[in-house]
Each structure stands twice: as C-alpha cells, then as structure tokens.
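Report on one structure; see the data block that follows.
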Amino acid sequence: MAELATLREAVAELIHDGDVVAMEGFTHLIPFAAAHEVIRQGLADLTLVRMTPDVVYDQLIGAGAARKLVFSWGGNPGVGSLHRFRDAVENGWPHPLEVDEHSHAGMANRYVAGASGLPFAVVRAYRGTDLASRTSTVSTVTCPFTGEKLAAVAALNPDVTVIHAQQADRAGNVQLWGLTGVQKEAALAARRVLVTVEEIVDRLTPRPGGVVLPGWAITAVAEVPGGAHPSYAAGYSVRDNGFYQAWDAVSRDRDTFTAWIRDNILERP
Amino acid sequence: MTGWTPDELMTVNAARALAGARTCFVGIGLPSAAANLARRTAQPELVLVYESGALGAKPSRLPLSIGDGELADTADAVVSVPEMFNYWLQAGRIDVGFLGAAQLDRYANINTTAVDRGPDRPEGRLPGAGGAPEIAASCGAVLIVLRHSTRNMVDRLDFVTSVGHGSGPRDRSRLGLLGKGPVAVITDLGILRPDPGTAELTLTEVHPGVTVEQVRAATGWPLKIAGTVAVTGPPTPAELAALRAMKAA
Amino acid sequence: MAELATLREAVAELIHDGDVVAMEGFTHLIPFAAAHEVIRQGLADLTLVRMTPDVVYDQLIGAGAARKLVFSWGGNPGVGSLHRFRDAVENGWPHPLEVDEHSHAGMANRYVAGASGLPFAVVRAYRGTDLASRTSTVSTVTCPFTGEKLAAVAALNPDVTVIHAQQADRAGNVQLWGLTGVQKEAALAARRVLVTVEEIVDRLTPRPGGVVLPGWAITAVAEVPGGAHPSYAAGYSVRDNGFYQAWDAVSRDRDTFTAWIRDNILERP
Amino acid sequence: MTGWTPDELMTVNAARALAGARTCFVGIGLPSAAANLARRTAQPELVLVYESGALGAKPSRLPLSIGDGELADTADAVVSVPEMFNYWLQAGRIDVGFLGAAQLDRYANINTTAVDRGPDRPEGRLPGAGGAPEIAASCGAVLIVLRHSTRNMVDRLDFVTSVGHGSGPRDRSRLGLLGKGPVAVITDLGILRPDPGTAELTLTEVHPGVTVEQVRAATGWPLKIAGTVAVTGPPTPAELAALRAMKAA
C-alpha cells in the first residue's frame, strides 16, 4: 500500500539527482507543488519527461534542475513561448538542455509501452516528417502480416512519475477525474510513483469519469491542497489563466525569473 | 457592425471552410476560434474533438488552453490521451483536422519545431509537434489557418513537423498517410488551395479589400494564382456577432 | 449519428451472410437478443468473433449460423463445456467449424489494433506454447531498440460488432457501465456497429465507471429491454445463473437443443 | 466440524499457499474459491484481480463466473479487459497467478486446449487458453490447483497451452518469461513443488490420511518423491467454517 507522507519527505525519499522524472497532467492536475519542492530541495541533473512541458517545466528548467527534456509540445498554452525552456535550448542558460522530441501520439504511446511492460509501441506516425532525424527513440517495424512499415517508439519507464489527483483514501488508493490525460500510463510506467492530492478522505466515492489507481500501485501519497496551482483540480479549483498570462513577463527576463523563484519557491516552504 | 479586422475575416472564413464536416479535431488558438464559431453559426451539430481527451466539447467561451475544465464538463465523452490518439485520431475517424502553423511551404507542409536564424545564431525554438503530425496524417481532410506574411509562408521549411502534400501530389499515398491532406489554407488575406494536378497551394480567393498583389508580396515563394480569383463573402452580421460574443465571453 | 431502429431492421440491414461478426460482452452485457434475431433471420456462413464464446455462441453455432469461430475461451463459465461448440468442432454438426484460437491477451490486443487503425499489435504472449502452431494470425516482431522478439497478433476488424448497453439517448450516444470488457475496442474496430440497449433516455447522465460511445461512432441503436438475458445489465438485471446451469442439459443433446431453439427463438419473434 | 472432503483439503491448502502474496490474479473455479478463502482467513488484505476487469474485488459469495456483477460492485477499480491484460498482467505487476488445469505434466506445463482421444476419434475440445498463458508467464509466481488423477496428471501434454517450467529449469529465462513460474501444485491428495535443481514436480506433502502410494498411483508419470514427505496440517475449524459459509452463500 502507498505510504502517506509529507511532500517534503516524499520528494526527498523518491527523487534523486540524475533521475528520469515524469510529471504529468494535460493542462489539468499538473503537480506544480511537487515541482516546487524539487526546486527547493535543489535536485539537479534530472531528465524531465512530459508531453507538454508547460510553465511547470519552464520553472524547473530555469531553476537549473534539468539536464534533458523529453517532450512533445513546449509552449505556454494560449499565451506563447516558454522563455526559460527557449533560453536553455538556445543559449544554454542556466546550462545546456538536451532534448528528445516527439509528437503527442509518440509520447503517449511511449508511456503506454512502458505501462504495458513492452520495450516499444507501434504507431502510425512520424511519416514524412523530420522528427525521427533528431531522436534515437523512433525507429521502424514491419508488420509481419501486411508488410507495412510503421513507426516504433521506445518505451518510457521513468524512475519516478509524479501526478496530482483530487483524492486519496488512507490506504493510498487515488481517484482523479475530469481530463485525466496520460496520468495512468505515466504512473504505471514508472518505478516509483508519487501522488499529491487535494485531500485525503476516509473512503473514495466512485465518480463519473473517475480513474482509480490502487494504493498498491503507488509508492507515496502526499496531501497538498491546491497543489496543482496555477493548473487546477476539477471540483476543487479553476485554472488560473491570469497566472499563465503573467508568466510570460516573469519568465522573459533571467533576473525577474530568478527573483520570482527565490520569492515564491525557495523562501516559501 | 460595419467593418471588421483581418483576423475576423480569417476566422469567419476558416469557420465557413468547415461546411460539411461532422467531426473536427481542433488545435488551440485560431483553429479553436474558427471551429467554435462554426458550431455557433452554420453548424450547431459539429463535433469538436480536443486532444486533451474531450469528444464533442461544447464550450460556452473560447478556451485559453486545450485543457480548460469546460471542455471536459461539456463533452459527450472524455477519454484518456492515449485513447484519443490511438482509437479516435489514428484510426481515421475524424473528418477534418484544423491546424495552425508557424511556417508553411507551398505544399502546405508545416513547421512548428524550430527556425534557422542564420549561421551565427542558435536555432530558434518553436513549441514543437504536439498532436499536429498525426492530425495532418490521419484526419479525412486538413484545414490550416495562419496569418499571412513572408516570415510564415516560406520558400523552404527549416524543419518538417507535419506533412501536407510533401513535395507533390503523390507523396501522401507514397507515405501511406490516411487522409487527403490540406484542402485549404485560410489566412488574413485570402484562401489558398492545393492545385488538383500539382498539389501546390494556389491563391483562389482574396478577402474583401485585399488585392492579389498584397497576397503575392506577403508570400515567401512565387505564389501561383488561380485563373479566376474570387472574393470571399464579407462576414455576415450574425457571424460577426457570434465571433465577438464568443471572444468577449 | 446512429440510426434508431428496431432490432429486426437493424440486424437485417447490418448483418449479412458470410460477414465477420463480433458480439462482445465479458459475461456482463452479452447481446443475446441480437444473436437470437440473427438465428431467426437465418443468417449463415458467419465468422463469429468473441473472446468468450459462452452460451450465446453455443446457440449460434448449434443453429448453424457459423462457419468459423475466432476466440480465446469457449466454455460455459462455472458450469462446464459448450456442447454445441464441441459437437461442431469434434463432429462437424450441424456443419464443420473452423477455429482461430488465441489467448485472452492476444484477442484483446487484436481488437485494440483494429480500433487503433494498426495492422497488428505487439504482445508479450504465446511464448513456449503451442498456440501459434494452429493459427496464421500470430507471428513475431523484433524490437528495434532492444532486439527482443515479441509476439505480433493480426488486427481484428469485424464487418459488424454487436454489443448490448444500458442506455442510449435519442442521438444514439450510448452509455454502458459495470464490467465493460472489450466492448469499446470491439465496436471501434468494426466497420458497422449495432448496439442494443435496455432503454432509450432523453439525456445520458454520466455514471461512475461509465463508458460513453458517441452516436457518430455507431451505426444503429435498437431498444431491447432485457436484451442481455441470461447475461445481465448492471443496474437493470442480475445474471441468470440458473439458465446457464440448465443450458448444460439443453445443449448436451442435438434434438433437445433443436427443440429449444425452435420453441424459444424461431417461434418467438 | 469433524471430517472434511478431499476438495476441502485441496481448497484450504491452496488458500494457505497464498501466504505472503499481496495481489493474486484469480482464475474461476477452484482458484477463485481458494483465493476468496485466503481473503476470509489469513489474508484479509489480499487483492483479488479478475480478468473481467475487477481490481481488488471483495465478493461476499463465490462468483459463478468471472463476470458476476458483485466483482465489479466491490472492486477498488474496474478497468477494461485490454487494460487488465496489458497494464496490470503483462507488466508483471501481480504477485501470484492462480490457475486450474485440465492436463498437467511433470514440469507444471498446462493444457486447457484439446485432448487426443486416439487415432480413430477426433480430438476432444477443452475450453481453450483464456487468460492462462499470460498469467503463467507474467505473474511473480504461479499456483496451480487441480484434482489428482492419471487423466489430469499426464506424462505428455497433448497441447501446451500455458508454460510452467517448459522442459527444465532454464526454459523460463530462455523464453523470456517474467515470473518464476509454478511454485506449487495443490491437489486433493497433496502438494507438489518443483525441484530446485531440475524444476521437476516433486511430492513434498500429502494431506492427512493420504499415502505416498496413493499419490504415485494417481500420477501419470513416475512421480519424484521428496526425501521427507510432510503431512499438511488439517483444516482448522475457522478455515472449514469460512469455506463452508462461502460455498453456502
């Protein structure tokens, strides 16, 4: 059964320098609080995995936690660029960032393969594009029945996956609902799983659209109300679109960003 | 309700281009505005599909991101992201894919990955592929909407993120891509469509008040012009009202 | 949008002699009424596809509707053999039955490939068994990243898939809940989809565990209350275990079976 | 509560064999009875996984089929059948797989597909593979429960449906099978376990009142006998009461 822990304990215990870490949540339920704890604990040299790096990885990258990024779409949704991501890739600040870049279909299926205990997944993807030219995790397979050539993408098996959910019970069973994205696959593909939740309840009530992850498939659960902000948790909060819009100016300048991290993360436990 | 902006012309015409579509896989930004406008005007039954997992979303206001809560709350069904890409998109179940682009070439191939900024400067990062390569590959047809400039409409892409017509009319079938690919590119100046013989984008319509010369000057390759260039119908009061109400919501 | 039709119309329109027909429902929600209509309409030469043939295919096979069976477990769950299935395979009565036999993992993934528009699926399966020796729809692929050899199973794309669900609305959107098995995959893999439902409602209310299939992915919906009996529809009925137990004696003898089909299906519209 | 049947001895010992397991993938019939008994006696926290999609089912009575409604109603989570086989079983996430068998050989390989009835008769049909091949391949360990007779315990399988130890101790790793394979075969006469060196099933325990000779006579190959054959502990009153209450429910 999953261990119930504080966020600080759980991050210290489960995430180490150099780990491959996936934090998932497709716009909804992004584990921002856990990412901030990673910054506070000064973790470094991480390979960050995420379909949509979003502001959460802009913060981790700008804070110097990442060595490599595995992703498929790196923007501030509806707003524009991720300036810290761009600065790292284009100018190597605060240090160079290696990228392994896929399409969404490829990334989603890399997690599916990882969750399924398979070394790769087959996708009708990448054909005619330049994407395969910049990654070693796309190849081809030939259908043994039809002779058709299809793309193969390598399984993703992160050392740790971190997700945010609405609720857990005391045995660590977790329920999330609303847009549940690729979280189940990302969690089941990982060696260790950390879930932050809005609240711990005595008993989970099945919800329409609810996805339940049993406690025995999770390593640790930490109660962190509001832990997705500025993303949101359906039923608990709404997306803080204003934060996303304001992030553009905060992140555009290195000093402004660094001051923001100091004031809002490092000096706020 | 007299007068309109180039962006409004683009969005209204993009919405009209969805005529006949039953289902639309919607990218965020301009495509989402156009698809939502279509649903509020000529096509109330249009099924909007967002890659975040919402099948049949009916948002009351324009979502800022593809993951806004209202998409899930109003959807006919919410599915996981792998399911969306595998069962719904990859299987060729969606009529029209609606995409934006950072760079577009004359065969309607798309770059959203990186731009070359010259020998002395590092490559400039764009957001990346997202769902676009497989939307472009697997939907029955593809519509593209983008602002028209020589920076966007380029002679040669710096990176091919998503395939339109490759390098000519036979490339899609050679590559085994399911759908027929881009059928129209709607810009703030007019509409380009692939030539039936060569698949090269050709200017077929200009918006009211726009000249062919303006379009040519805003295009980074020697633009083919159709024998007759039509003028798009001006936005109707109903279209403009719906668009402005949606943006204000 | 799905057409609302009577069961008789829908079967006549969607299912033809010689079709590949999948009727799914993993013990729960088995479309018995639709199978009975297939028998009543005298359809023949069908390739029947189903993970667990169950009593429903015992009836179709004994009635002479099937030429071939694609399956993974053919028993009367908790009771014993399917006598009509055995009689067809062992003695060719009422005529010979070709079989294409898989494991559950293989069958489930054949539907997944079919629903995904892929020609095959990769599974960690069949190794060391004799299963591959009797089918042409299992082969191997080699992982281009690790060199590991894995099983490949050919996609299943039935001409028609028939499922039973609890509810549909008037636009043909369908909702099922409880054990939902492989129904979504079987439906999405098929060229045509017929759904029988317990009831047609004005508006579907999202349910915990509910799976919704949009009307535009379905060909026809027919309202058939009790259409899963002796299987069941959670929330509407319970499994008629007595029927399953009694079936053993009914089906053991050709004449008893034939009389049962006549009295309970052919002469009951 | 004095006396018990051979089937009760088998079920009680099969339940005991689950000691230490956290999760169990349960086949219907004898395995389901044993796993449910374990959950009602020594292991209230045992997570029962049914291939119909129920993770953590807690049925109050013995289900007739793996799809009985109560399995879903009492489960911690219900998942689709493809998800069950891919994410939960194939990924090697389940501690113990609990299987029955129609034919078993000395390396605990299983046949549930077809039996040879001689040259003049057609092959006899069994139900087929179901989930067994991948349960046998992917669970951390495998328990097998079946009634002991020369018809079931055979010198040579007519068909290999599910692999136990293949033809010896190195076969599972050669085949790339994840788990360690069958660790015990519990019958109505006793318990057989693979020899640590040869992987051949060896009689290690008999049930109270059963002789080694009886077991040998009921086995279709020359059965290896452990140096010391223990006698299984008789069913406790609590075990018998729980088993009988469960069957009567």
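Here the chain labels run A, B, C and D in written order, and each chain numbers its own residues starting at 1.
By our rule, a residue touches a chain if its C-beta (ideal position, glycine included) is under 8 Å from a C-beta of that chain, and two chains touch if they have at least 3 such contacts.
Please read these numbers as outputs of a predicted model, since none were measured by experiment.
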item: Other chains in touch with both subunit A and subunit D; value: C
item: Interface with more contacting C-beta pairs, comparing B-C to A-B; value: A-B
item: Euclidean distance of C-alpha centroids - subunit B vs subunit D, Å; value: 57
item: Distance between chain centroids, defined by C-alpha means - subunit A, subunit C (Å); value: 39
item: Between subunit A and subunit B, centroid-to-centroid distance (C-alpha), Å; value: 28
item: Where subunit A touches two or more other chains, by residue; value: 112, 117-118, 123-124, 148, 184-185, 209
item: Residues within subunit B bordering two or more other chains; value: 86, 90, 138, 178
item: All touching chain pairs, where touch follows the definition stated at the start; value: A-B, A-C, A-D, B-C, C-D
item: Residues on subunit A engaged by subunit C in the complex (per definition of touch); value: 117-124, 137, 139-146, 148, 150, 152, 154, 206-210
item: Of all residues in subunit B, those that touch subunit C in their complex; value: 22-23, 47, 55-56, 76-77, 86-87, 90-93, 138, 178
item: Subunit D partner contacts - residues on subunit C that touch it in the complex; value: 26-28, 51-52, 71-75, 77-79, 81-82, 85-86, 89-91, 101-105, 108-109, 111-112, 123-131, 148-149, 178-182, 184-185, 209, 211, 232, 234, 238-239, 241, 244
item: Residue numbers on subunit A that touch subunit D, as the complex places them; value: 112, 115-118, 173, 184-185, 188, 212-214, 216-217
item: Interface residues, subunit D side, partner subunit C - complex; value: 28-29, 51-54, 63-69, 71-73, 78, 80-82, 85-86, 89-90, 113, 122-125, 127-134, 137-138, 159-163, 166, 171, 175-178
